[in-house]
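Two complexes, one shared chain (chain A), two partners (chain B, chain C).
And then the complex of A and B:
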């Protein structure tokens, strides 16, 4: 399989893989959203549930599956970021800091044990470099 | 479905949500993998989950060849976040090549229907001498042995005995705790690089030969019974 060169090809890859499953409709809706928001700098995870609900796609597992897929290796249209939010102040953290918080409750700002730290870290997404090339290309 | 009214999803909530998901269950492990070993460990969990789905319905694979079975595994791995491809060129056509998105890490698998030990021997030699050069970013590989014969664990044990006699340099074997008697790891010094290459040998149990009255009378199962006897005879004759 060759890597998709434009939006139509990306949609084709997705619809072939997930044929007959609700992930097709959710995934196409997210690709449509990304195509119109290639300069987005912060897409919260909840935005993808919102996109699904706006299209009456009440499929929580399908949203999780397709966001994981779109941020995975085959299409990789979404890149992840992490932020630490406390007292309405957001601080960007890297994947290693997020991992330390998730696996060992290490607070990324203090370096100390913090048993509530996982409640203060949030995943967000941005269109990946691949998305900018593929979804920005004419079919 | 809750819309998380204006509230983002924390790492804690996401971890709980994806743990129950059909394909996104390792979303955070994919992101947090820091080494090739971690990448491969996560991949093996994903492969085993895919294998589990196949083994739940072995009747679907009675008349199906190895390419089609591998295609199903590749699709499930792609759905889980990998780029899993069949027939990629790497010194020959590799049955299954899997890549993650974080680096150049890759893993290759050679898939065979385990009719006789010779099938696996050829697959193993292709994997170890043709496709895979040991290097820090792709030093691990796998044999996927689809066993449509009875006693998958016994067949894998026979294969372990056979491979132990091949005289591979620095050869060692390790039990795979993850899959009990249905998988093991072997390691040997790679001929080209001189570095160790680890191969996971996995038996996928797709035996389906019902012994109830209608099963014994069904023509398709009679042929399968005959094939099983022929395969056992071939292994004994070696």
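And then the complex of A and C:
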């Protein structure tokens, strides 16, 4: 399949692949949101649920599926980041630190065992470089 | 560029990997050492335990890592996370202190036997809590660092719900809903006084300020200075001088667009609010953040900063440092706002000094 060159083509790819499923409406709403926020530096996961609910799309699984798809290799419109949040202080961490926290309960700031660390690790998204190019292009 | 490794003293090179990593874990930040390991392209590992495993490996990478850790520990004795007060010192006094420093005899103390390693935690509770001179170090520029060890502690608090308590505790403390325990956690502080000979500057550097309460942090610099004056008579009475006032640098450094990267700012506006802003993305400068920028435009760039945090990435040699100037909001209302110290975080002595050198260029004299 040819890589999309603009927003319309990205929507078309998504619509064809997920035809007949609620992921189409949720995905199109997220693409619309990304197009208007290409310089966003932090989009929490909850924002995608909010976008779906605003459009009366109460489809939790569809949101999870489509965010996963948009982060994947085919469209790759979303880039993923991780952060550690404690006491109102958010610190950006890399994927190795996030994995160490999930797999071995290692606190990314202290390097020590912390059995409560998983509750302090959060994922967030930013528009990928591909999104800036594709969604920033005129149809 | 090839970086010239700093000298490793013979006493450090004989320390076992296990002791070395344990000593580092006790006194250094994992975030700082992880950053340094990545910079040197050495195996980072997922935590201290993993790092110990990599350092014990019997191969070329393990050997390189061991040398790195020895150098890191040597540097960490005078660097790391610190609260620093600065004094300018007249040239004659500098020369006089240097002459006396060359004649200092190192006293024997409870710390001597294990120095540079910290004492075992169970011994620390009975070790001197007053700063005790343990070493005098001279760098390649002739700057002299007086290193003082002392036993400090911080409160480790835990709370237990009623259901978690043993029957005996429930019976002893009848009617309670929750039990809060406070355990003293002991650590060895490595406080430092550095005389920058060429810069005619004296720095009192308090180790791991985050572990001291605000009251202890206020008195600690004078304790270190008094301990130093026992060996360097020229410093007797030196405490009567006020440290450099750093308050004006808060606003000036924020306003200097190319001065490092601002990661946090607290300020008062003329439109009736106090704001605290902090970047969560490590690569961005708050000065350029869209929300901040729009606010600044809306108020005609007229804000009164009282707290700022700045990060630098240095080259020649490669390194990084963070500086925090934490003034008090109330000082903005004062006729002569004052701030007598700053927080510096850096793992290399070169980066530590560079951050302070950048700060000094903004001090009003």
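Here is the rule we use: the second predicted complex is superposed on the first by the 139 of 139 C-alpha atoms of A that agree within 3 Å, B and C clash if a C-alpha of one lies under 4 Å from a C-alpha of the other, contacts with A are read in each partner's own complex, and residues count from 1 in each chain.
Everything below uses one rule, namely that a residue touches a chain if its C-beta (ideal position, glycine included) is under 8 Å from a C-beta of that chain, and two chains touch if they have at least 3 such contacts.
Note that this is a predicted model, so its numbers are computed, not measured.
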item: When chain B and chain C are modelled together on chain A, clash or fit; value: fit
item: First, second, both or neither for A:39, with chain B first and chain C second; value: second
item: First, second, both or neither for A:89, with chain B first and chain C second; value: second
item: Chain B versus chain C as contact partner of A:125, first or second or both or neither; value: neither
item: Partner chain(s) touched by A:106 [first = chain B, second = chain C, both, neither]; value: second
item: Once both complexes are placed on the shared chain, angle at chain A toward chain B and chain C, C-alpha, multiple of 10 degrees; value: 120
item: Which superposed partner A:76 touches (first chain B, second chain C, both, neither); value: first
item: Which superposed partner A:49 touches (first chain B, second chain C, both, neither); value: first
item: First (chain B), second (chain C), both or neither touched by A:98; value: first
item: Chain A residues touched - chain C or chain B, whichever exceeds; value: B
item: Closest approach of chain C to chain B (Cα atoms, Å); value: 13
item: Chain B and chain C contact sites that coincide on chain A, given as residue numbers; value: 96, 99, 103
item: Chain C partner contacts - residues on chain A that touch it in the complex; value: 39, 41-42, 83, 89-92, 96-97, 99-100, 103-104, 106-113
item: Of chain B, residues touching chain A in the complex; value: 1-4, 6-12, 14-15, 17-18, 20-24, 27-28, 30-32, 34, 75, 78-85, 99-101
item: Complex contact set, residues of chain A against chain B; value: 1, 17-18, 23, 44-46, 49-50, 52-53, 58-61, 63-65, 67-69, 71-74, 76, 80, 82, 85, 95-96, 98-99, 101-103, 118-124
item: Complex interface listing, chain C residues touching chain A; value: 25, 29-31, 33-34, 44, 46-48, 51, 278, 280-282, 284, 290
